[in-house]
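In what follows, subunit A forms one complex with subunit B and a second complex with subunit C.
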Partner chain A sequence: MQFWLIQTLNSVAFGGLLFLLSSGFSLIFGLMRIPNLAHGAVFMLGAYFGATFIELGINFWIAALLSGLGVGVLGLLLERLILRRLAGNEQGQVLVTLGISFIVADVCLMVWTGDPIPLPAPAALRAPIFVAGFAFPTYRLAVLAVALVIAAGLYLLIERTRLGAMIRAGVDDMEMARGVGIPISKLYMLVFLLGTALAGIGGTLGGPILNADPGLDSQMLPLALVVVILGGIGSLVGALVGSLIVGFLYNFGTALVPDLAYFVLFFPMVLVLVLMPQGLFGRVPQ
Partner chain B sequence: MTIHRRSALKGLAATGVGTAIFGAPGVLRGEVDPIRVGFLTVKTGPLASGGIQMEEGLTLYLKERNSTLSGRPVQVYIADTGGVPAITKSKAQELVERAKVHCFIGPLAAFEALAIDDYIRDTQTPTMSVAAAEDMTQRKPNPWFVRATSSSSQCASPMADYAAKELKYAHMATIADDIAYGHEMCAGFQQVFEDAGGRIVQKLWPPLNTPDYGAYVAQLKPDLDAIFLGFAGSNGFKFLKQYREYARKTPLLGGMTAIDESLLQQMGEDALGILSSCWYSADLDSPTNRKFVANMERVYKVDPGFYAAATYTNGAVLEAAVKAVGGRIEDKNAFMAALRTIKVPDTVRGPVSFDRYGNVVGNVYIRKVVRKGGKFVNAVVRTYPDVSQFWTYDPKAFLKNPVYSRDYPPARYLEQ
Partner chain C sequence: MRAIFSLLVIAVILIALPAMVGNEFYVNLASQVLIYALLAMSLNILVGLGGMVSLGHAAYLGVAAYTDAWLVTNAGVDTLSAAFLAIAVTTAMAALFGLLALRAAGLGFVMITLALAQILWGLGYRWADLTGGDNGIRLASRPVPFGIDLASPTHFYYFALVICSLAFVCLWRLAYSPFGASLRGARDQPRRMRMLGHHVWMVRWIAFIMAGFWGSIAGLLFIYYNQFIHPHSLSLQQSAEALLMVILGGANTFLGPIVGALIITLVKNVASSYVDRWNSLLGLIFVVVVLFMPQGIVPGLKFRWTQFTRRGRKVFVAAPAPPSP
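After this line comes the complex of A and B, so read on.
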């Protein structure tokens, strides 16, 4: 009983973290039609930025925001200075983002060395809480709460604002959106800023659980891919549901069928790709 | 993709200490060919942390000797393999064919060593590695390969002995990276622990790049006496941190890379009291080691751990073998024979000699994390002298068994 409870909590909490990682990935993927393979590197950079800000004595939550901002600005520059020049060349854009991820990883190694840097969780959240006689890390629940708040905020932004309507229009039919006068190029910049900033915040918030260390990028990128393919490209609800599903698959897969853990994680992705390529909540391309 | 050809001279200049390599005593400028050492390490990618420490250890060793061994200047050619076997192989080729190195120090990882196994044999290049793969010095020994550190299980065996006999543990679990190194280490632990009457009731194998160990911590049985950690790199650190998040109290025992000095200060309180076994501890109280630790702290501001001590020890082994052949490292057969038969009485890890398979016979230390003078150290609580890679088993009988693996020895006592 206790096992199921802990693993369920683990799954949901890990899902929250995955949402922070993959919502931005999904937005960018949905609008620009390219998987931003630098997204894992951006997440890692967020963790390192957060570690540095916290070391400078900045409050944890503010450090997370600053780190999101810093990483977001870099994402914006990446879009404006490099990807923009490759407009229409999707293969080129994908390869460039892959290259960027290697560059970011090596720069991180130079600046922050190869040793993992632990990020301290906020003092108030360090002690575990006891639920029905077992201990669970309070901080993980806090991450879940933050993820839900951000999810709600994003939902309002996408579904209830003019900007959100423009993004949705761009995701659904780029040509038509451009035709009716939506400034798609500005939209690209904004979405890239938003998407990478979310990953940056996620990196810092994930730091106390995962540490900032080299390799974090390559650990997280495949998870973001699975989430987005399961949930559906460009769909916020899809990213949330996908994150939770992957959280459960990851935790229960490794616990119940450890030898098949990766199979359990990736097989549903294959199934979805074959049976419903648009994902669970993806919009059908017009 | 070029080799970073960096003479020891530049290395010295960069740290502001030392003298020119060609100005070594008794050596006229340019007249004596330098000893060329090919150094295979990892400076980029996830394994870079250990690789950079390897470079620090070797650089320091040579610097302390004015980059002169047995009257000959030494030139080190550093190659960054990225921890990728294919690159390791091409770098090894570059080092031998273009730089004409006399020997290799490195590589770091077992799969890298396996990738150049044949190449070492074909080119007859003496190799002093830190890679732990058991069969490199057991069932398929490479005559050009020596290992002054430890095979995967060599340090796990004494830990198991200590756990069963001294700590009286009876029910234990193992958790380790799901790679050959983790398999071999846990297998050695299990063999010795169960031969001493204990039972391994649970074995967990998280993938090497597991981001979150929460799911594994939750699986660990509640009634264990202790848990053996067979992690490599920074995974031990990550596991420990997440283990503490869940406020688990079961004691942890570390393999030789789980509780490493290079990360011990970051682990801090989380590691306090944990026992681990390794062929080295920065806390070893010998003059040689005290000097090594002091210089590491002065030059690099870190405590040496597994990797820095490994190449520093390899430096001592190289020096002793070069001395034994009167500096004539070009005579490969004589040099290799010397490498295999020398006894180096006073390295930072204690005395070093090799068995007939090229693997070290040396001390293994049971260490406990304590606070000493404001920092955390692995204090030695027990020394197992002259431990062999075969532990106390007869080598012939040992080699008839399959190599240690995930499935061997079979786990008879697993509980569901």
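After this line comes the complex of A and C, so read on.
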């Protein structure tokens, strides 16, 4: 019983992390039609930034925000300096983000070496909470709470604000949106900043669970892809539901059949692709 | 006529190569170039002819190599049967992956091929009982076809050269066959092709399977050459290298992937003896090629050559497409 409860909680918390990773990916893809293959590397960079900030004695949560900001600024530069020059060239954008991810991963390896760097959870959250006789890891509950708050914030931002309405308009029909005077170019910058910053924050928050190590990018990127394939491109709800599904499958897969953890992801993906290729909540027709 | 002459010259050079360079190191390097050229050519069926960018082509090389090594090492199957089984398994997998990936077009296709290949990579690492995990699988010896021992670098080079030449001829015929024409048609004008009664989806699927088939042949050469297979061969980096070879050389040309394979393999070998930052270099080449040489080297050189031979005459250059807003 304890096992199942704990694993369920772990799955949901991991799903929360995946949401931080994939919501940014999905937003960027939805608005800009760029599958940012550097997103896994950005997540890893966030974890390393976080580790460094914490080592400097900065408070954990502030470190997470700072690394989100740092990574977001790098994302902004990437968009402005490189991706902007390739507007309309989807294939080129895919390849460039892939190239960037290799460079980022290699630089991380150079700066932080190949040894995994464990990130300490905030001191206040290290002791487990006891509920009805079961011990729950407090930190994971906190991660889940943060992810939910961010999800709610994003939802309000996208669905309830003027800015969100502009983004939605851009996702649905970019030309018309531009035609009616929506500053698409600024939106691109903003969404890229936001999307990469979310991944950066996710990287730091994931640090105490996953460690910052050189394989983190190639571990997380396929998960983000599967989340987006499952949930549908450009849909926030899709990213949330997809993250939870993948979180459960991956976590239970790792716990029960560690050899086949990735394989477990294969079947839901096949099922969704066969039955509804646009994803569970996909709005953009492929 | 000139094309035939150039081909003859290249053939003579390729055949005389081991005698010319003499050194085993360079003969082995040439064998590697051949293996990657075959991989890049197989990927180019999708990327060049079909206009479908696949970021999971390492899957076919890796699975064929793993299957062959596993069958020979752990199941005691003889070399020839293992090779055929490996090709069959890999081609069947390509058929399945094609069914899935062709549910989407464009970017969706890229993402699905990438996700599928990454799942295989994860299996390669985690399913240690089958794949040996991080230890990989070792193949005890290279095969001995018709009594020729491939352990010698020169013998192996000629073996790879024969296989690659065969593949070259087959793929050349494919590119200029009616099927190749309908694949290009499906790339450029899928709607019109549908109107004309072509089964666009089927054409693409068959192309996907063919790419997987030739990828598996490259995988067999790979395992014979290295006698070792590691999950790295299934990784995104491997797929990306293959794609870079195609794009760097020029996806819309037949020779492009071969030139790309030559350059990347040489750069990789040269660079790795000076710096151990191959990944950064690879990423940098990606960025530079996409930004400054989007058509690849072969079309770029062709253009220069035409300019050179038509010096004095006015050459009309198509204006670069205006950046879409």
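One rule holds for everything that comes next: the second predicted complex is superposed on the first by the 270 of 286 C-alpha atoms of A that agree within 3 Å, B and C clash if a C-alpha of one lies under 4 Å from a C-alpha of the other, contacts with A are read in each partner's own complex, and residues count from 1 in each chain.
By our rule, a contact is a pair of C-beta atoms (placed from the backbone, for glycine too) under 8 Å apart; a residue touches a chain by one contact, two chains touch by 3 or more.
Nothing here was measured: the structure is a model prediction, and the numbers come from that model.
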item	value
Contacts of A:262 with subunit B and subunit C, given as first, second, both or neither	both
Partner with the higher number of touched subunit A residues, subunit C or subunit B	C
Partner chain(s) touched by A:106 [first = subunit B, second = subunit C, both, neither]	both
Touched partner set for A:218, first subunit B, second subunit C, both or neither	both
Touched partner set for A:89, first subunit B, second subunit C, both or neither	second
Which of subunit B and subunit C A:199 touches, first, second, both or neither	neither
Touched partner set for A:241, first subunit B, second subunit C, both or neither	neither
Which superposed partner A:228 touches (first subunit B, second subunit C, both, neither)	second
Doubly contacted subunit A residues - partners subunit C and subunit B	105-106, 109, 218, 258, 261-262
Subunit A - residues contacting subunit B, complex	3, 6-7, 10, 13-14, 105-106, 109, 113-118, 128, 135-137, 139-140, 209-211, 213-216, 218-220, 223, 250-252, 254-255, 258, 261-262
Residue ranges of subunit B touching subunit A (in the complex, touch as defined)	44-52, 204-207, 209-212, 214-216, 218-219, 234, 237-238, 241-242, 245-248, 262-263, 266
In the complex with subunit A, residue positions of subunit C that touch it	53, 55, 100, 103-108, 110-112, 114-116, 118-119, 121-123, 126-130, 235-237, 240, 243-244, 247, 277, 279-280, 282-287, 289-291, 294, 323-325
Of all residues in subunit A, those that touch subunit C in their complex	29, 33, 35, 37, 82, 85-92, 94-96, 98-103, 105-107, 109-110, 178, 218, 221-222, 225-226, 228-229, 233, 258-263, 265-266, 269-270, 273-274, 277, 286
